[in-house]
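Take a look at the structures below.
Each of the two complexes below includes chain A, the first together with chain B, the second together with chain C.
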Partner chain A sequence: MFRFAVRSVRPVARLPVASRFVQPIRSYAVAPITKDEVIKRSFEALKTVAALQESEISLESSFQKDLALDSLDTVEALVALEEEFDLEIPDKISDEIKTVGEAVNYIFEEEQKL
Partner chain B sequence: MSNILPFTEANTKRVSSLFRQALRTAFDHSMKWDVYRREQNKIRTLFDANSKIDDSKTLEKVIANTESKLAQWKHPDPYIPPCRPGGTKYQRNAFLPAEEKVSGDW
Partner chain C sequence: MTLATEFAETTRRSASNAELRSRVLHLYRKYMRYSKEMSELYELDMPVSNVKTKIRQEFERQRFVNDLSVANVLYMKGQMEFQEIINFWKQQCHVLRYFEDQSNYNVVDKNDFIKGFLRGNNP
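== the complex of A and B ==
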């Protein structure tokens, strides 16, 4: 009895064979990061540095001139960025980074390589 | 590396590099943020205590001290960011090469 009931429920019209093969879509675990997101996250990370908590950060501001950091504070700021984005900035490049914008650009380029 | 005078750019670079190394070593050893933050503050006070040295002989001595301490604390298995070269996730989903792998008409 039950078997007949089930059989009657089964849809009569079947889908055409071709449409059952769905075109494969490549999906990523994480969407590629945008520049705005890099900027937002790096500003948030920089705010955690003790010397930068009350300063106005913008992309053009220089760590040593505008934000009045000493060299060790700059290192701390860059290490905070490294922690936020989980990368290691080599010594040579860290020495050359003078402004927030340069750091953001470097991080954005590195994120594109992933 | 013996002729670097205090308060020059070369010295700044050297000390920054040491400071960065010290912070990374501290993280390698703790791997916990709260412990690491405390260590970070400690390292910063250690470096700040020697920030006023203007005698190059003392400076060399202090820097040699720092280097030996860093060598002593060097972690055997330092933290490598997973997605960067040497990390566990690095190039895990690498793209296939564009050229055909098996030549011939199949």
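== the complex of A and C ==
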């Protein structure tokens, strides 16, 4: 696209220097992450936790009730999510997160802020 | 350069089990978060999952401590240990002591006190 623009400018040879260059266009390497992607990646990350390898994970499942994790396992699961998405969930919020869906929602909202 | 007060925490006594429980969970979370950094810091030639398992084991050892005062001391020691490890106040050999018994496979312990004592078994 850049080459195109330069070529179109070239015939008008005697323009001032500044206008010969294309105005920079801000573009992003990746589109902002979608909710589906967050869900997919978090399920994959959760599968790496030893206690969750065999379990059926869904958005509604609660860590302690449905997935039968103890408190330490829950911490491990949330840290696995933190590592996957390269963020740090503050202690106060982590204590409140009870289901997979809540964790996913929090991560999605954090990713939107970036 | 290490900051002497980094990761420091004023020692205090939790008066209730519930409060101590949440503090322990926060400490466990800190350990988990920094487990990768620990294994890089001390150049541990083992997978990070192994380090995490060891941390878990050390927490599990105290799972059935009922005495609140004892649990408070254990928490304090755990926090101190975390600070020392993450500030690189230890050396590799100190950290590797945690993993000593992993090479002791095939050792049958028949409740022989003297043998266990000489081997330096943890009680």
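Keep this in mind: the second predicted complex is superposed on the first by the 88 of 114 C-alpha atoms of A that agree within 3 Å, B and C clash if a C-alpha of one lies under 4 Å from a C-alpha of the other, contacts with A are read in each partner's own complex, and residues count from 1 in each chain.
What we mean here is this: contacts are C-beta pairs under 8 Å (C-beta built on N, C-alpha and C of every residue); 3 or more make two chains touch, one makes a residue touch a chain.
Everything numeric here is computed off the predicted structure, so don't read it as measured data.
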Superposed partners chain B and chain C on chain A - clash or fit: clash
Which of chain B and chain C A:Leu87 touches, first, second, both or neither: first
A:Leu114 touches, of chain B and chain C: first, second, both or neither? first
Partner chain(s) touched by A:Asp95 [first = chain B, second = chain C, both, neither]: both
First (chain B), second (chain C), both or neither touched by A:Asp66: neither
Touching partner for A:Val75 - first (chain B), second (chain C), both, neither: both
Contact residues of chain A, present in both the chain B and the chain C interface: 71-72, 75-76, 78-79, 88, 91, 94-95
Residue ranges of chain A in contact with chain B within the complex: 71-72, 74-76, 78-79, 86-88, 91, 94-95, 114
Chain B residues within the chain A interface of the complex: 12-13, 15-17, 19-20, 23-24, 40, 44, 47-48, 51, 80-84
Contacting residues of chain A [partner chain C, same complex]: 71-72, 75-76, 78-79, 82-83, 88, 91, 94-95
Contacting residues of chain C [partner chain A, same complex]: 21-22, 25-26, 28-29, 32-33, 36, 52, 56, 59-60
